[in-house]
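Consider the two complexes below, in which subunit A is the common component and subunit B and subunit C are the respective partners.
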Partner chain A sequence: MSRRYDARTTIFSPEGRLYQVEYAMEAISHASTALGILAKDGLVIAAEKKVASKLLDETKGGEKIYIINDNMICGVAGITSDANILINYVQTAAQQYLYTYNEDMPCEQLVQKLCDLKQGYTQYGGLRPFGVSFVYGGWDEHHGFQLYHSDPSGNYSGWKATCIGANTASAQGILRQEYKEEGVTLQEAKNLAIKVLSKTMDTTSLGSDKIEFATLELVDGKVVRRIFNQSEIEALLKENNLLTKTEEAK
Partner chain B sequence: MEYNGGAVVAMVGKNCVAIACDKRLGVQAMTISTEFKKTFQVTPKTYIGLPGLATDVQTLAEKFRFKVNMYKLKEEREIEPRTLAHLVSSTLYERRWGPWFVEPVVAGLDKENRPFICSTDLIGCINFAKDFVVSGTTSNQLYGMCESLWEPDLEPEDLFETISQALMNAVDRDCLSGWGAEVTIITPDKIITRTLKSRQD
Partner chain C sequence: METLFGITGKDFVITAYDSKAVASITLMKIGEDKSRELNSHSLMLFSGEPGDGVHFSEYIERNIKLYGIRNGIELSPKAVASFARRELADSLRSRKPYSVNLLIAGFDVKTNRPALYWLDHLASMVDVPFAAHGYGAYYCLSLLDRYHREDITEEEGIKLLQKCIGELRSRMILNMPDFVAKVVNKDGIRIVQI
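On to the complex of A and B.
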């Protein structure tokens, strides 16, 4: 039955579904995991990198976590080339807002801008939707720290903890159990993030070269963004007793 | 270009650069603000000075902030002064037939901490100077002052004195500039900005 209605993005199926959008989400469920956790005094975004080959020449920093502006970062899951287009769009949109209003773009507005673009590809143009989901983490002075998640349909929502990509069912389950209702500190959030990542990663050996990790926090009233380098990730793994034997032997 | 008034000067010293501007904003003869600075920090080691029509000064400062922020996100490094000079030049030439009424000055240290200064005209012609660059309604007076006061390899403190004297005395011969000045010295370890009190007329 579904065969007839999946070729075009711009038509509904008889059951009221948009197949192209669902297929896009299917593509994302095969991508490596990215998750975000909101803390009382900051937030964490962590992601699993696709298998790194030693032949890969890593010039550009990171394929999973990106900087949008001074106040926002985001994690990506899905088709990386689609993600690059969207990241470029949202970076430009943030600068355009700064140019017009001389103020940093509020987090939710930025998410909405990107979601409006994604929605367009599900309603007109005849082009396929973007095969990317995002988890955004940012701070603005009106709403403090915020975490959002958007998907190829252009839908978004705010979260205290969320994840995208592969194994989200199990990751979300662990987050639901472990996240404290009254809120967590940044340190607890970092530990929880690394713990959840380790449980959902396919590979048996957890290495610092397979993880991307970033935090946002307020220091002296200013937003400070930290993109962890390999040794810092290793230290975090060690703190949480997650280093495998091969790492410890080094 | 002679509606709001203003003066900017930049000089090269020994492993440092200095950039200075006046603080007057006027509407022809009437002064309406004495806190209108025309220099803007672009990166930790580069400044840009924008004298000319005040609305264009503000707009271009914001435009360059936009472009430099995008540059930093894409290139994952700070923009070099020489590159910024070309960015300024292309931005101005885009409006060749309806130009921005500013004549910018770029001053900074490159990644090897070598001093760099230059100025451009309102449609983007770059003047790469080794000694000093001047711009604004007081440019003729500044040329005279700099030519006589400047010497090569001045230490940061001496460069500060030299550029301050050059600016202060030049703007005293220009009714559209003055009302205070701000001088910024850029060295490899730090940037010092000082405000000068001058003749308030």
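On to the complex of A and C.
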């Protein structure tokens, strides 16, 4: 309809839409899922890995879940190379805050920092927006455990449970049904996360090599971030009876 | 000449500054304010180069205020002091560094503890139970070593401060005008009579 406006990333269409931003979100809807769930005593971020080939040499940590600083982690969905740029930026911003104030950056401010950057790419520069959505999980002394979601437009919001990437409609539906209004424990959140992930993943066989999983909680007053390794993920799958027969037979 | 004091207690910090403004051999003014409230629970006292003191402290004051307005939360005393120290450190390696000495007194409402930081114009910073800047330090730190305890009450703190000022009155060659004292505690910042 208004094709001739698409070439310029930073202008409105006659209907008042930003097509490039919408196209970025379309790209993300084809990426593998990542979700986050807030518990009373912690939070969970879980994600599906796209390619799990025998030939892949897993030297780098992971492609979906990243550590931002001592008190925050995040999951990404979208173009991995775009995500790397933004992760680098937000890690640097967190350290800049620590350098200035000698304290960890409050979670919402960190999210705002990244969102302000992403917004810039929708208004000036003539460059396309980043094709990444984030789900951030962190703890600070002002608001306790928090979960945020941001998208290529630079908008963000706080959530109790949310997901990004492919199949978010069905995943969000399951989360809405299963998440208890009064809050869940970290253990319940872990089980719910793995259950939702298994329902939304396209593959028939669920294996620990296709999942990335991380938790964040307080232990003795200090934030502890745990990125699960393969055997821990397998144990979680087993606990929830989600390990498929082909895996068990191995 | 310009003396600053800070004394922490169980749940407060009492600060005091002499209110003289001096230029060479002339007493320009009595009743000079050598403090700035950075946020509801942080107070900064400054001494040193007259213009630098006001310029630097107001710069810090408005930046700390801006943080509070932008983010809806107040910086803790430790963060406030770290920010001020960082600004002093950056200024140190510039063309003309700020020549100010500071005492930053605060009450951390999250941990319910008082905080006192001593900073100098070379951007050193230490977190201390009591502190002083200026010639007054030479006379009074020993008094504070002798009589200070970390669990003193506000009345005891005021008495201790009065002891220090009394020492200056009897031993410093120049007349010591009235000091202005301010207390920072969980309820905020207020002036006290000493």
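Annotations for the structure displayed:
Criterion: the second predicted complex is superposed on the first by the 250 of 250 C-alpha atoms of A that agree within 3 Å, B and C clash if a C-alpha of one lies under 4 Å from a C-alpha of the other, contacts with A are read in each partner's own complex, and residues count from 1 in each chain.
Convention: a contact is a pair of C-beta atoms (placed from the backbone, for glycine too) under 8 Å apart; a residue touches a chain by one contact, two chains touch by 3 or more.
The shown structure was predicted, so the numbers you read here are calculated from the model rather than taken from an experiment.
In the superposition on chain A, A:109 makes contact with subunit C only, not with subunit B. In the superposed pair of complexes, A:141 makes contact with subunit C only, with no contact to subunit B. Of the two partner chains placed around the shared chain by superposition, subunit B is the only one that A:91 touches, whereas subunit C remains out of contact.
Of the two partner chains placed around the shared chain by superposition, subunit B and subunit C are both touched by A:99. In the superposed model, A:69 lies in contact with subunit B only, and not with subunit C. When the shared chain is aligned, no partner comes close enough to touch A:157: not subunit B, not subunit C.
Common to the subunit B and subunit C contact sets on subunit A are residues 99, 102. The part of subunit B that touches subunit A in the complex is made up of residues 62-63, 65-66, 69-70, 73, 76. Those residues of subunit A lying in contact with subunit B across their complex are 60-61, 67, 69, 91-92, 95-96, 98-99, 102. Put simply, subunit C touches subunit A in their complex at residues 71, 73, 75-76, 78-79, 82-83, 86, 110.
Of all residues in subunit A, those touching subunit C in their complex are 99-103, 106, 108-109, 141-142.
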